[in-house]
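The two complexes that follow have chain A in common; it is paired with chain B in the first and with chain C in the second.
Right, the complex of A and B next:
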């Protein structure tokens, strides 16, 4: 028991080290930018001033995220916090998607494509078929599941690496969804006037996921601050996402089904020998991963505030790749993913809050990119830490090679 | 005739890019390192090359062209070093490390592009770099040929010679097939793998520049490199990790890719009125079919993807 707690602590510490180094790197970049802007003005400046500017106009705002200039009283004052919370749901689900695949020995780099197809499914059911929100959510899951199952099928029956297949199907999915939604400018889902997909509030208000703002007749200022934080665009989506994370945790750790999937991940041949249908399980794992990513898109685009733009979205949605960072930071633990998703959303909200004329907002992306790069050799940190922790707390009986 | 000229232009453009990057991937994988970071290496190479071409606009044409190609290659190498460090020295998971570098590349390129676009100490809000391709593109007998065609053929022949006719190439291949055996004969596996990944970065970086510079007068780095690096990976697999097969595989894919650009000028295809996306999808679908058909006899280097640990038996 003591060893298990230590191992958990070890994982958390390793993740925190990655985060810390990533943030430090971001701060150094901000200092360089701050210095170059002061130097180009030609006025005399001091080292203290460079640091001060990098901190107050840049780094502090990244750290504050949605809490920067937060104002509960005036409704737009908490817009940033609400959009931060709204982004947690898709990030968490994409993270769960990648993490679930990791746990079953697969690398789901296709979350971006599954996310795109999930959004497409949600739009088809919301705008074409006029279904209520929960049907649309199920649709987004099913569409994503199909898109995830395809690379699984190729892996199981043709032995093609799922990474390469997923990448191919990312692009196929993106082009396909955009072509159908755009429909040469006259698609049913496409609003030519706005050059985006139709707003759900105009075409089918029933497809918008309800928010906690149950009784809209109550005036905004009368409600508790907690409720205010979760009104549109932060819908009940984030709670659905957290519930899904818990379900995934239970499936993976407490059920026979989850055990079989993980067994296939550890050793395909051993699983086969033990009587597990390994082909079926690979396809199922990828389908579940795809369903999770698809649901993420549903939870995001059914908030009613986000509109897909089939013409603008020529690049794959970043959400799918952010899912990889979220999963890695959490060591694929579904519960840990909740926290890493919140962190990622927080940093991403903070980026554009920086002084635009001094710091490009993408520095926030550099920070999270650096964090994933560090996560790639997190195992190294973990082994070093395990030895250290073992020496501190388990004097004498520390296993050789560290806690795994 | 005009259509044919256009077709050759685009097929050569994409074909050379895919070939260069796939050759890069080949060097890395033949040494035993899966290089999924090619997409990111291309972005960084393209960005560095374009910035160099803007900076060298005043210098002579030759200096500008050679300088930007070299800048692209070196930047790609520097970026690939990060992959080598993670996957060779620290024995990290190669796929995860490469994916991280892909994600990081677009962010870095945007930060730098915005910095380059800044005026009077103010950072610009756009990552779109505007440049001139003068000196890179020539018109020979009605067919537009860019300088990368020549660079590409030279590098193709050079790659073949290095891989099959030199001691370095033999050692590199040995490390990708059976690193323990190579080590027992006194070959430094870590060094060879570093060399493989760095060559891969050099070729990938030039490939990135070759993709965006000759065909567009400006480029928004928000879009990265639009999946070309991943397509190059498929080209490499289809080309069975061999230089000349990669050349033909690249040309095969390029034909599909260029259909998107010239479909409007071909009467038969334009009468179908298919949206551009259908053609954009084609190379990816083609590569899936090809992969499914050829998966049975894959000639992948045996030790690729497995970190080499000197102490392991």
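Right, the complex of A and C next:
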């Protein structure tokens, strides 16, 4: 038991080290930018000033994320925080999607496409069929599931690598969804005036995920306060997403189904020997991964925070790929994914808050990019760490995976 | 004074929950063949991995040619001309033989691979030592015997002088073992020093100069082979007398459990069928052994029988039900258990814990699940029970990751798991592969118990000694056909050998479409 905890602790520690080094790298880049801007102005400057500027106009704001210049009372003051929270749900679900597939031995690089199709499904049911929000949510899941299941099917029956098929299905999904939604500029889903999809609040307010409406039940001093910020539709999405993460965790670790899926992931041949239907499992696993990504899109676009833009969204939604980094940072552990999604959303919100004239907001992306790279080296850290921890708390060192 | 090439002094190595090596000293003379003997999990592979730089000892020293050396990784070992063939081979399956041999020691010119010279050297070595390989074949397509030769060539290619062979003979046929022994003798005559792990005492007696014995991680002593006997060695290793014969009463076969009719299986390697028109029965209460030289269709037959591969003709009936095209799960539920030939590929999910592997064929049964949730406590106590009964040794008991277990203990776990399922038919392929003599004795007894309890056993074995002592009936397979049926009490190893080599065929098998007559008139 002690060893179990220790190994878990070890994984968390390794992730934290990755995060720390990633942040440090980001800070160093900011310092370089800061120095070059001061130097180019020709003013006399000191090292202290360079650091000071990199910190206060840049790094501090990344770290603060949505909390930067937070003002509970005035709506625009908590806009950033709300968007930060709203983005956690889709990030988390895309992370779960990638992580779940990964645990079962599949690399789901198709989360972006499944996310797109999930959004499409939600819009079809909300704008075309005028369905209530929960139906739309289910639709987004089902659409995503289908989009995940197809590459799974090809993998299971024709042994075509799921990476290739899902990349193709990413683009097929994107162009298909966009073409249908745009409908030559006059579709039921497309609002030519705003050149975006219709706002749900105009066309079908019932499709917006309801808020908890805590305000009326709890007597709180001020309507637009803290509570409000946490009970708007977007934030309910977060709670749903966290609940899903827990369910995924339970499925993977406690159920017969999870036992089978992981067995397939670790060893296809042994799973076959055990009589596990690996073809069915591959398809199911990809379908579930797709459903998770699709639900992520549903939880985002059904909040009304933002509308899909079929003309502008010509690149695959970054959410799907951010899901990969979120899953990596959490070593595909569903519970860990909750935290890595929050972290990712936090620094992504902080990035644009930096002084634009000095620092490009992409620094936030650089930081998360660096963290992903570091995660790839995580195994290395883990062995070293395990040794260190082992020496501190137990006698002997940890097993090296590959060596028998 | 003795001329030691390698001295490992007071080596101690701990793994979580277990002291794999506890103050072990091993001295290797120049030009000798030194056997390392010990029970499964005694720490042999660990000790060799320390010498090869895969593990760092907690304490102890290694001397090469009398000088203290530090071996931090296999590259250091290579630089000291130490090479190792692992218990489970470490070849890249999708690479060619040649690429595997030069991998890590590539010759480059201006940064480009320079394979011609490598090829020449490999060809020269394989001619000189009579190690036949096809340099251009992919490793995944060649037999284990050839893979072994590739591993040996890898060491020779790197000019290694100290060769570590970890259970090289466990996967070889008797013929290949004989060849390997000659090769080893040749190396020793040239002054190379060999560390040789095996569980087969006959091999030690045949080839080794000295033998070091370990027991549960401790050093028991080193003996000169010319002054010792098999019995003495096994006593040193296990701590008690081991019987090399199997006690059993005459079998009392009952109803037919398995009935195979005209089964044909296509081959993956050539256009011919690997199994041709095979028909036989196995009845309750008997152990039938499928004997033969490796590569004569036994593997393909068993894969078809157990559902891992498809048949192209014929029928298989188990407990009265036609299972010719049944899924693997269906076969298992109808009453078949299976100790597979390849424990790493099929038998175990290496990254699962021991307890998870113990229920690999049963996790879905009501005993181990409720409403789709795994009943962890039940799994734990069940695993614990099997571990005790079959003496599966590991660092952390049911929670050990199977990958970290010793090869023999992995095997014991599989055999225990399959025997305990208590199915009508047990298909066991090389069930004692890699086991120590004590464990072999125990497993043989268990097989006989299964039989006496009314189970049918189909044993596939390459070892004639095992075939002769365990089985009640022997079927010899040659080139995909059954060519003879024998009562072990009325035949000899020599006679079997003639049939296995294809020199003879019994008249009733001359007709390929032979179907067994009703009733057991051949008793």
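Just a few scattered comments:
By our rule, the second predicted complex is superposed on the first by the 378 of 404 C-alpha atoms of A that agree within 3 Å, B and C clash if a C-alpha of one lies under 4 Å from a C-alpha of the other, contacts with A are read in each partner's own complex, and residues count from 1 in each chain.
Operating definition for what follows: contacts are C-beta pairs under 8 Å (C-beta built on N, C-alpha and C of every residue); 3 or more make two chains touch, one makes a residue touch a chain.
All figures in this text were calculated on a predicted structure; none of them were measured in a lab.
In the overlay built on the shared chain, the residue A:20 is in contact with neither chain B nor chain C.
Of the two partners, chain B and chain C, it is B that touches more residues of chain A.
In the superposed pair of complexes, A:272 makes contact with chain C only, with no contact to chain B. Applying the stated contact rule after C-alpha superposition, one finds that A:239 touches neither chain B nor chain C. Once the two complexes are overlaid on the shared chain, A:159 sits against chain B while remaining clear of chain C.
In the superposed model, A:366 makes contact with chain B only, not with chain C.
By the touch criterion stated above, A:255 is placed in contact with chain C alone, chain B being left untouched. With both structures placed on the common chain, the touch criterion links A:263 to chain C but leaves chain B unconnected.
Within chain A, no residue touches chain B in one complex and chain C in the other. Interface residues of chain A, counted against chain C in their complex, comprise 3-4, 254-257, 259, 262-263, 266-267, 269-277, 390, 394-401, 403-404.
Only residues 36, 82, 86, 90-93, 95-97, 99-104, 106-108, 110-111, 114-115, 120-123, 125, 127, 222-224, 226-227, 230, 233-234, 237, 273, 275, 277-278, 280-281, 284-285, 287-288, 291-292, 295 of chain B touch chain A when the two sit together in their complex. Across the interface of their complex, chain B is touched by residues 29, 33, 36-37, 40-41, 107, 109, 154, 158-160, 163-165, 167-172, 175-176, 178-179, 182, 184, 314-316, 321, 324-325, 328, 356-360, 362-363, 365-366, 368-370, 372-373, 375-377, 379-380 of chain A.
Chain contact summary for the complex, chain C toward chain A: residues 14-16, 45, 49, 54-55, 58, 86-88, 308, 327-332, 338, 340, 345-352, 356, 360-361, 363-364, 369, 372-374, 395-396, 399, 401, 403-404, 407.
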